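One chain, chain A, appears in both complexes that follow, with chain B as partner in the first and chain C in the second.
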Partner chain A sequence: MAIDSDVLVIGGGLAGLTSALAAARAGADTRLVSYKQSTLRHASGLVDVLGYTPDGDGPLVDPFDAIPDLPEAHPYRTVGTEMVREALALFDDAVPHYRGSHTDANALVPTHGGTVKPTARYPVGASAGVASDDRDALLVGFEALADFDAPQAAAHLDAAGVPFDVRGATIRFPGDLRADAKITRYAKLLDADSRVPVDGRDQSVRAALAERVRAELDGEERVGFPAILGDDDAAGVREALADALGAAVFEVPMGPPSLPGLRLEDALFDALDSAGASIETGNPVVDYDGGDRIERVSVEKNGARIPYAADQYVLATGGLVGKGVESDRDAVYEPIFDCHVAHAGDRYDWFEDDAFGDHAFPQFGVATDDSLRPEEADGSTEFPNLRAAGSVLGGYDFAAEKSGGGVSLATGYAAGRAAAEETR
Partner chain B sequence: MASVPHIAVVGGGSTGAGVARDLAMRGFDVTLVEQGNLTHGTTGRMHGLLHSGGRYAVADQASARECIEENRVLRDIASHCVEETGGLFVKRPEDSEEYFQEKLRGCEACDIPVDVVSGAEAREMEPHLAPDVEKAIAVPDAAIDPFRLVVANAASAQEHGARVETHSTVTDLLVEDGEVVGLEVEHDSGPGKHVHGKEGGTEEIRADHVVNATGAWAGRIGDMAGVDVAVRPSKGVMTVMNVRQVDTVVNRCRPKGDADIVVPHETTAILGTTDVEVDDPEDYPEEQWEVDEMIDTLSELVPMLAEARTVRSFWGVRPLYEPPDVASDDPTDITRDFFLLDHADRDDVPGLTTVVGGKLTTYRMMAESVADHVCERFGVDADCRTADVPLPGSEEFSVLRDYMDEFGLRSPVGRRSVERLGSRADDVLDTDEPNPVVCECEGVTRAEIRDAVEQSGSDLNAVRIRTRASMGNCQGGFCAHRMASELHGDGGYDEPTARRALDDLLQERWKGQRHALWGEQLSQAMLNYALHATTQNRDADPADGGDVDFTAFDSGPDAARTDGGNRGD
Partner chain C sequence: MSDSQSTDFDPVAPNTGEDFEPVDVFDDSDDFDLRPGADSCYKCSTCDTNCPVAEVDDDFPGPKFQGPEQWRLKRRDDDHSVDDSVMDCSNCMRCDNACPSGVNLSQMHNTARGEYVSEELSKLSVEYVRNRLLANYRKSAWLASKVPRLANAAANFGPARWLGEKLLGVTGEREFPDFATETFTEWWAAQGGAAGSKERAREARERRGEPLDADKRVAYFHGCYAEYNTPEVAKALVRVYEHFGYEIVVPEQGCSGTPMFANGMLDDARRDAELNVSSFADLVDEGYDAIASCTSCSMAIRQEYPELFDIDGIDDVAANTFESVEYLRIHEDLEGELADADVGDDLAAEFAYHAPCHARNQGLDRQAVELFGDLDGVGVEDVGDSCSGISGTYGWKAEKYETSMKIGDEMFDHMEAADGETGMTECPTCAMQMEHGTGYDVRHPLELLEAAVVA
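Let's turn to the complex of A and B:
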């Protein structure tokens, strides 16, 4: 006897979560199963829609404008511009701590390396940092936090021609954190506003931090920190610092482990909970049963194989990073359903010689019909009750285009909704 | 003597650095020039084996004897560069008993200490050896870090007054009245380029004698003086695994062949190699079959290699040389012995000596013979001391444990730092500043990176070879930008220099990974690409060119202007 649902979503990243949310909100009995932590912890937490064309033009001001000119195989062309807008509306509703919905224009958000990058949705914590805002900025880094060098990031932003003055300062974080303290350690201290020893007496960590930053502040109206400003009470941490500094406070998104990515994951899990979907994480889907249709899939738990059956399935297992697409020396494949993944026979054709060349490998993934159903090499449908969403899709390079978040949202939304409709 | 003779040494590999050190210790005024980084040519592209001589004990006993002699010397003077792994020559059922016995007799004849162990005993030492390995010969092979070794030689040369110029290409030899009297050098630095000690531009370096220690490039330097040095470059591939499948050097006990050695190296194991003659030491095909052969053939010795994760592959060229009258067809037949060519005797062109052939294990011996030759040429009476005086970092390696205690370095990170730094540990690690780990895969801390920047300037590839930062599983994905940050600010370099150095490092890390792009490493490569292109926009950085009309983009919701705290989450 299998565990039954109307819609079973496989994968807990942005695409899987969005897909499950769309299906659940459309009234389907929805279950999401995912393995390990999602790759959101690797991601900056920004939701890009389209920053550059496949030819490299950009940064694009209006991503929606450029979608109709994308190659036909691009997932955005499959779902259409309107679906992208609807998916963003769902996201804006489900994740209230994000900004960007007030305009179609991309924002240019400073990165921890000091570049700016075009993005469509950004956490409210990053919103005072956007590069088109002309207020002068002070960036603050911490001595032991090797991932963010504030003076270098400031100099880099200056080289990018931002329309404001920006300086960087490096300070010691209050308290005696180990040199290799994890970023969650900083966040938890700030969340709890713990007392830390400063010059021989205990002081609130928020106040002590503000005091050190104030000594560096020279009239700047906004102050940027690496993205460590709290986890559970990020807004409270920012507010306290802003009040004490008399300046707006923002976070600069960073690489993994990324607090903004984890906060986004939490928000989506909450939304999914409220929508009544069930969520199971920690065990992989390893196989399926069925002929033409998928009857059930097997989830491996402690060595046993537990069957999960559904009417409709969504494959949102990610790309090469999330292991939704795998490879060996000879071939590239989709490991659960063995859906067709187009690739050159010679693995030396999978890449270019330049680190940022026009590589083939980022585009590895399944091709689909208009309803996001994976297709075999000859164009026939793999399974009538399977749809794919997010990075497991081929035909686009999210890294070069800065389109990963948007494609995951749009295809996740479209696949989830279509799956729910079929169960009616 | 009126003045100290000035010797220009061309080539910053093990031989050139060794020659520079030896000559400087004997009182010469020395300038070393290298077209890339130290170890840029062949030395940095080998599998890191300190030969016991066992490899040559059948076919080339002269080389075998030199190897075991120098093996002993280097354990002594370069202890912080050597890991005493031991080595095994293992026999599979299909390998001939006759050759096994020949190898045994050869080792004994060359004074190489050996032990015959059973298959079971060999598997006790190395549990991942194939179950059908019958027996093995244990020899004193070891692993050596060629980067650390060359850097230590160059540092010692500098301590004795030598000038060391990297990123300086010899564009011509100065020849006057049929005699070599110096070099013309192009320094690759100056405005817009990395700064490496000497500002950019061309320089004439006049010298009393020039030593050509450029290995596979020796023919090119020879051409500049009109002398013929017929080096036969032979390429070999090395494939780097993400973990140490073996802790002992594992050799196949059979006559010459491709893919017959696995060398444990720091956190990795390196598979080698092929032996294919090439025309040009800088431009030769790097082919898929070579990588596949490493994995397929060596998994006969260590089966788990078939499914293991490779992180990259790289190729090196051997500077093989044989005297003109021998004419071997197959590069594996060419002797691994070294040759000193005195161009005054040989070609009637005084002022130039070339050293070719040989191998890393005997670099010091080669350097000694070159220095002896130069001493004789100038009538200098000075003994070679390079076999007795430890290299910087190895002076008191026995104190390693004391450092561990002193700095509380019981963690793996600290232990590895101290092993890398040897007796320099307290100079480098004793800092009042926070010392976070910059490279997590290899456990390299900020203090080590800063020390390397001080030594080598803004070239992050030079920092990499000194510290191993960015050489682990992630191949720079998580640490390359952190390394670049150490150049800025206290490192003394401006932002554009740090940015260019980051781009160079990313490209260099990419180059080797291209040959390992399947399975786990392709997944890692995609993650790295995403981190650098998506998260950092490193591929389309507006600072690298292109005006951006900032006013056209979102300047933030109005709330951001009035409410600094911006509640909402």
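Let's turn to the complex of A and C:
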């Protein structure tokens, strides 16, 4: 016996979650198994579709417009523009706290470094911060949070020519937290509106924070904070601060670990749960049985191998960071099914000497046919019942193009839907 | 580890046979080379965002510091001593589950804690004595089970609780768990032990139309809690397994070691681990699989033993150990069986289910909700992914009580917002915390399974 389902999705990142959601909503009995937590926790929480062309042109105004001109091997070309739109529609429906669906144009969202990033979908918490809005802004940083230097970010934004005045101020977070307090500590205090000691007496943390910011405010109509404003009740925290300040409040996406990424992950897991899929995390898929077709895979739990069988499989194990693609000194490979990963035989050709040069490694990944089935070196299908999605795919460089979230969504959606269709 | 802790307090594992001779394999915790793990850490801080203690306790520097960072400091500087904050880690092992880079954080924490306790903590301190008592719960439980009614009355006698807090730092806020008037193994012996089980299993196979000589044999690790406090869980396991035609044996066993790891008592843990491995290894060799009804016990055997100790046969035992419901899901058509079932009596209810952290690490956090999803007469609602906060002995310590309750707050709120007024979880101490925070009665999934398929 084995634990059975129609569609088994391997990997719990943006690609795996979207795949499983698409399959479950299409009526397939779907199960998602994932090893560790995904790169969503490191990502900004923004869903970029395409910010720059592979040649570095941009920022692009309309990402959809640019898709047909991408190289043939690009995953967007494999699935087609229409599929990217459908995937985004599924996302918009599943994650109601995101914005950006009103237009095809990229939004310009300020980042913690003070750059402006072209992105297709952003959390509602970031929406009052977009750079196309011309209201003056105050950015507030905290002494203990070195990752966000508000005056410097403001200066960068100013230099980037944003159409509004922007200033930065650094204050102390009320309650005198330790210098390296975890971001979840801030979020939890704000969520619960806990009482913290301020000048010898206990005060509500939201009120105390607003008081300190008010002293810095000089008529700005919006105030940006690093993205630590609550986890479970982020909307409530923003609203309370906005009320107390008489200004709009937004969050500036931060580097890892990222609360917006965490909230997005939670929202997707909730949507998957409501769609009736089964979810399991904590242990890796390590092997498979089968000849031409994959019969079943094994999940390893500390030496014990638990069999999982399905009709269709989706491989969404991520790239080099997510451990879906691994490398040693001699080769780059896909560790579960040993799908072919094209790479130069000489490892000195995998990268360039210049750190920011045109490296090959960001594009390492499996190549697929039109239905996202991984292909062997000679172009034949590896397995008829296996599809791949997300950053395990080759042929694109998400960091340079700013396309990570979008490719994961679009290929995840396409793979999940195709898998579900085949089980019918 | 040094031997310095073996003098002033010498717990006797109740089931240890006369001729049992523990072998010291690792006598120095510095033998653990965790550097490769520390080197895989790329400081993404994902582990820190998962730590329930760091979320509420401003003084706790978090798993990244406790693990890879402290490990690096130690490697560079022989005189670096382990920071006392490692005692504030509750050993929930959430950080382990989080790290995208596969850093073995909990192994680092367990090792560091062991070293801290053996080298930094005075064996005469109240903290040491208290921790040792809590860690060796089995010893007091064994004693108490000899006079359960007296023990129940004495333990919860107000002045005694007050004294416990003042003298030993055991919180007076909690009620001690009740001791059963008959332990599980007493009941098991009265059922005829292994021979009786063989008989009943054969009858079940005959009734089910399965081959009489089917190879269905399991060795049950019941752990301390099901033995002394909640034998109803162990009995439910026996009835469910026998219903599916399994012959059960209950070998001699000690504590799984979970409370000892969490208190840095690695010598104590090794003593019981060796006993457990030696009694289960032979059975595994003969073709038995090992099953546990407590998720911290299965976690200890599957992960912590092989990580911390080099005991003969441990890898085989770990590879053949399963959580009891998981095992049935793999080998039986549980879903099919449950589809035709319904439950009456007091188990027809809405349950507020909490997934223990140690179940999460084994990928079992959704199992109960999934399994009982379509069962007539019951609803099982997941109350979210927060930690219960008690973490075994952690929440029993007077100085940790408040942190423990702050962590648990989210779970209490979610339980109260859920439809049911009965809780469900696999972990006995999580159950204690759920009860303490909400007043709900808490059941084990095996009890529900028994009501559905056996009755």
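We adopt the following convention: the second predicted complex is superposed on the first by the 424 of 424 C-alpha atoms of A that agree within 3 Å, B and C clash if a C-alpha of one lies under 4 Å from a C-alpha of the other, contacts with A are read in each partner's own complex, and residues count from 1 in each chain.
Quick note on the criterion: a residue touches a chain if its C-beta (ideal position, glycine included) is under 8 Å from a C-beta of that chain, and two chains touch if they have at least 3 such contacts.
Because the structure is a prediction, the values reported are computed rather than measured.
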(request) After lining both complexes up on chain A, report clash or fit for chain B versus chain C. (result) fit
(message) Tell me the contact category for A:Asn106 with respect to chain B and chain C: first, second, both or neither.
(response) first
(request) For A:Ala28, decide between first (touching chain B), second (touching chain C), both and neither. (result) neither
(message) Just checking: does A:Pro256 make contact with chain B only, chain C only, both, or neither of them? Give me first, second, both or neither.
(response) both
(message) Looking at A:Arg41, would you say it contacts chain B, chain C, both, or neither? Reply first, second, both or neither.
(response) second
(message) One more residue to check, A:Ser327. First (chain B), second (chain C), both or neither?
(response) first
(request) Would you check which partner chain A:Ala227 touches, where first means chain B only, second means chain C only, and both and neither mean what they say? (result) neither
(message) For A:Asp180 in the superposed arrangement: first (chain B), second (chain C), both or neither?
(response) both
(request) Could you let me know whether more residues of chain A are touched by chain B or by chain C? (result) B
(message) On the A-aligned overlay, A:Ile3 touches which partner chain: chain B = first, chain C = second, or both, or neither?
(response) second
(request) Mind working out whether A:Ser278 is in touch with chain B, chain C, both or neither, as first, second, both or neither? (result) second
(request) Look at the superposition and give the distance in whole angstrom between the closest pair of CA atoms, one from chain B and one from chain C. (result) 5
(request) Would you please give the residues of chain A that touch chain B in one complex and also touch chain C in the other complex? (result) 42, 180, 256, 321, 323
(message) For a test of understanding, state which residues of chain A touch chain C in their complex under the given definition.
(response) 1-3, 33, 36-39, 41-42, 175, 177-178, 180-185, 188, 192, 232, 256-257, 259, 262, 273, 278-283, 299, 301-307, 321-323
(message) Quick check: in the complex, which residue numbers of chain C touch chain A?
(response) 44-46, 48-51, 54-56, 58-59, 61-62, 65, 97-100, 102, 302-303, 306, 315, 318-322, 326, 329-333, 360-363, 365-366, 370, 382, 409-410
(request) Report the residues of chain A in contact with chain B in the complex, numbered from low to high. (result) 42-44, 48, 51-52, 56, 58-59, 61, 96-97, 99-100, 102-103, 105-108, 111-118, 123-125, 127-128, 130-134, 143-147, 149, 151-152, 155-163, 170, 172, 179-180, 222, 234-235, 238-240, 242-243, 245-249, 253-256, 263, 267, 319-321, 323, 326-329, 346-348, 350-351, 353-356, 359, 361-362, 398-400, 402, 404
(request) Name, in rising order, each residue of chain B that touches chain A in their complex. (result) 288, 292, 295, 433-438, 446, 478, 481-482, 484-485, 488-489, 494-496, 498-499, 506-507, 509-511, 514, 517-519, 522-523, 525-527, 529-543, 547-557, 559-561, 564-569
